[in-house]
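These are the structures, in structure tokens.
Here come two complexes built around subunit A, the first alongside subunit B, the second alongside subunit C.
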Partner chain A sequence: MRIGRLLVTLTALALCACAAQVPVLRGTGDLGVVVERETGRLKLIETSGRTELATIGGLGDLSHASVVYSRDARYAYVFGRDGGLSKVDLLEARVVGRVVQAGNSIGGAISQDGRLIAVANYDPGGVKVFDAATLELLSDIPSAGGDGTRRSKVIGIADAPGNRFVFSLFEAGEIWIADVSDPRHPQVRKFTGIGKEPYDGLITPGGRFYIAGLYGEDGVALLDLWNPEAGVRRILGGYGRGEEKMPVYKMPHLRGWAVAGNVALLPAVGRNEVLFVNTDTWAEAGRVAVHGQPVFVIVQPGARRAWVNFAFPNNDTVQVIDIPARSVIRELKPGRAVLHMEFTPRGEQAWVSSRDDNRVTVYDTATFAALATLPADHPSGIFLTSRAFATGF
Partner chain B sequence: MRIGRLLVTLTALALCACAAQVPVLRGTGDLGVVVERETGRLKLIETSGRTELATIGGLGDLSHASVVYSRDARYAYVFGRDGGLSKVDLLEARVVGRVVQAGNSIGGAISQDGRLIAVANYDPGGVKVFDAATLELLSDIPSAGGDGTRRSKVIGIADAPGNRFVFSLFEAGEIWIADVSDPRHPQVRKFTGIGKEPYDGLITPGGRFYIAGLYGEDGVALLDLWNPEAGVRRILGGYGRGEEKMPVYKMPHLRGWAVAGNVALLPAVGRNEVLFVNTDTWAEAGRVAVHGQPVFVIVQPGARRAWVNFAFPNNDTVQVIDIPARSVIRELKPGRAVLHMEFTPRGEQAWVSSRDDNRVTVYDTATFAALATLPADHPSGIFLTSRAFATGF
Partner chain C sequence: MDRVPIGWAVAVSGALAAGALHAGEPAPERRAQLVEMVRQDCGSCHGLTLKGGLGPSLLPSALGDKDAVSLQYTILDGRRGTAMPPWRPFMGEDEALWIAHTLKNGLPERERK
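And now, the complex of A and B:
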């Protein structure tokens, strides 16, 4: 009997140890996830062998989902459209935490020190700040802009140096900087009258400028975080839908802006063009004609090229721009409904999702050869762990 | 007896499983190593809790050692002064491969795709290319510059986009680009007459420019990798030891050049100054007086500051420069013989080694508070895994 029990104990020990080993010991620097929007699942992938490792479900509504990573590149924080914030362990390929923290959410960010997750909410409007380890709610910043009677939808949230989050209020037309150094008592600095209906925002590489695109009027709001005393100023007065209100199939993501040296590349709104902007003067510095209305313009790391995808009905195509030559040098057809592109951090591969052909294609950026094609169920966003090491995601 | 054997088997299984678990399942994005130069060991550290995890020995002569990381951020490749190339598994905290591949070596690099390790050798002069997985020798590029009769010491090796390595030949005064896309048959492009005795080199962030400092004359050699047809040109004619041949306590590392936007910060040679250079024109754009002869000038990610350390006898001090203000805003005393500084990738911490006080100090870059002090035996270089995601190391 005693031996029997010992056997059971030892067997349990061995099984337990083996079970615990199922998540293989491995580095996390070459991992990533692909959002499968229809099924609410993530595909876990790795970029060294370019293979799929696992599928992770139980994440709710992942339409328009985005992802940030913990500073050790082990955990993905997934922001769902349904207000769900999920913490996924990439090594164990499972959800280890989940809170449905609002009714309708549009994205989030992780603080510079990796200890806080902020979620931008539509309904009720505001920003909630969570402990990255436990997902405990630490503070709630209601987005009552203007006279304080009505909450705005919060859009364009980004992390900034100094454990700050920057975001915009759609209805109120404001930009707020929340300093969460003391996460239970955030200090909020407000910039009012920045323009009508900011609909997306971004922080430039390095974390200096916060830029908000305007839906309600033309032009772009710019805040220099090195000199916030100067306030928000308007740049690119002609940028937007314009007087004619041309049909816009899809408002381009501002996160689709690309910065290379002192040049920014912007998807034009409603026009088949990519705009070049000098980031010293923030004046337009040229245009390149492209295949359709651009959605994302993304600079290839370590190279002088940008890749562009397009809105319907031209969304089966990707074009590659040579930045100094300001010309399209290549056109690719990765499949129907190309929604997203992600480069490996040193730029040798580009991962491209084709929603309506249910696949992700991995390109060699030097030869444009397709290195791998991975099946995926209506894939949208692709997020690699190298994002853990960058500011402004 | 059968039960006894089963017990032994199960116990062995359990022990084996437990032993295999000693390397804890963990992300590798927040790991790093500190070189202990006297003892030939590495300290394995992590930056989330700011603690030491292990000590790894058996690495040979680590004076002037440098480290690069595999693309999954699991393995460190350590280049020792004795020609040793060691592969260290950070998760198991042990050396998993080692070759002594030359008599005297000065550093190495990892290819863009992560599959190749190149080592720059003094004796015999040349570059050897190894398989990153197995450390198998794939090719040997003897550095027979000039008329081909004599091998030069190879210095300043860096990876460039397109699976290329760029390096300089000290005696011959040449810069070579080796394309290792076919690693057993590297294609070498040579630039001759680039200046007397290049002693160090670097590639700018993004991988566009290769820059070699000259020991034998003033000025700096610049190669635009986007336009190699233009050849190597000389910039900064006054940069160097100058006519007077002032006493130079330590030739500054060129890797100590810092680039922020379109400004580069350079340690002056033999003078207590940091130089500012416009990277559009490569002309000098100002100077800041500092505490001693600068060795490393390193830009804090996501901020507008650079940290500077100094040569003997002023090597107990670190100064912090505000780049737009071009002024020193802070002075720190981390200990005697500050040899190296490394920022976490999003810039919230700075790790600083003090060789003669046998410690590493971790600073909060916002408050300059010392967050942690870790004992280390004569620490020199500090290398975080975030280097895996950057070009030019």
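And now, the complex of A and C:
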């Protein structure tokens, strides 16, 4: 039935020394969670047989929830909109720690050494750093940008090499680097005037570049973490060519999945386009017209293709882009309100959530056939444990 | 969707008592769609519980003293210089006014199975 509960039962039996059986042993490399945003639950899934193993509740308001994994890929850290930070044991399928650390939060990151969890908060604005083992609060970095009188909402937090966290301040238009080598005394370096309204950020897979997308203007802010003294520079300036923006009914999301070789694929804001950027020169390297305002542009492992989903009212569609050809080669209809997509680490499967059809569809990425459909209550994010081993996740 | 939840009835009757609703109050099925749209799609920026995200809170505590007609036109036409987009393509003027009143009174929970 439920492997997690079975394990708990067997562990209990083993503890009372009355069990002849041993616990079911398994790895976590093919596990993942699907967020059921309204009921505050996670579905624990596995990608080998493509089945659900358990449901884990008690996680609070999971709208816009995101997840990072411990470096041994056993524990999931869940960041809820209600400011909750929960630690979930995948093998026992239960919550083993939870703190409500702010009124309104947006996401988080785990440090390079796996010992620290940082949470980005909207209200009160700032970043809080926790011990990954105990969830003890170690430091609090209020996001009082500009003249220091007003806290900004923190967005786009990412882990960087050297036990640093990089994040952006929405209202103030700043990028901060917090060095948490001494987690109770973080050292913060601030970059001001980086552009209007950064809405999300990403760090490139090697951990060298931090990119913040800008909502308030055409362009993207770029920080080279190897050469921070060079400051933040603007790339893709004026990609909208001065044309009136189309309304944006859902903000795009950025993450390290956007990079394919020496090309990064970024959602245009207010345009139905995916932008390509050469990561050697940071000059535009093409663009592809797509079905709507892109939300996630996710490169499939192997870097030949990217899958794109869209904002309301075009959110029943996923398009697949051939990266070398700079063209859309396939259109899928996984259901109403497609909120997220996640590839298995070698890219043979894509898991796609449809909020309004209450299901997750697993696609074979070679044939685009649906391999499995799993029921889920208003599913949003899908997070596989392979994220444990990637900078920026 | 044929039974009206209690919270809803209170919200609507509250708005009616204030003499605020036009004759064009949406039919029950459409109201359910609108509530779902507010929660899910407005919720993308304002939060599923509407307590705020990148966009501000839409809870009664935040909107209570705001003029319903001004909210109606913010919904319909967006706000220049902010991320608030125009929702006019997806609803009528009366529907936007009904949403404005409903938000001021507290959006009802969706009926759960």
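Keep this in mind: the second predicted complex is superposed on the first by the 360 of 393 C-alpha atoms of A that agree within 3 Å, B and C clash if a C-alpha of one lies under 4 Å from a C-alpha of the other, contacts with A are read in each partner's own complex, and residues count from 1 in each chain.
Everything below uses one rule, namely that a residue touches a chain if its C-beta (ideal position, glycine included) is under 8 Å from a C-beta of that chain, and two chains touch if they have at least 3 such contacts.
The model shown is predicted, which means the values in this text are computed figures rather than measured ones.
By the document's definition of touching, of the two partners only subunit C reaches A:Glu38; subunit B does not. Contacts of A:Ile106 after superposition: subunit C is touched, whereas subunit B is not reached.
Counting residues of subunit A touched by each partner, subunit B versus subunit C, the larger count belongs to B.
Contacts of A:His64 after superposition on the shared chain: subunit C is touched, whereas subunit B is not. Look at A:Phe389: by the touch rule set out above, it reaches subunit B but stays clear of subunit C.
By the document's definition of touching, neither partner reaches A:Thr55: not subunit B, not subunit C. In the overlay built on the shared chain, the residue A:Asp72 is in contact with subunit B alone; subunit C does not reach it.
Against subunit A, in their complex, subunit C makes its touches with residues 40-41, 43-45, 47-49, 51-54, 78, 83, 85-86, 89-90.
Of all residues in subunit A, only 37-38, 61, 63-64, 81-82, 104, 106, 122-123, 153, 155, 170, 197, 199, 215, 247-251, 311-313, 337, 355-356 touch subunit C in the complex they form.
Residue ranges of subunit B in contact with subunit A, taken from their complex: 3, 6-7, 10-11, 13-14, 17-18, 20-21, 23, 25-31, 46-48, 69-75, 90-92, 112-114, 160-163, 181, 206-208, 226, 260-262, 280, 301-304, 324, 344-348, 366, 385-386, 388-391.
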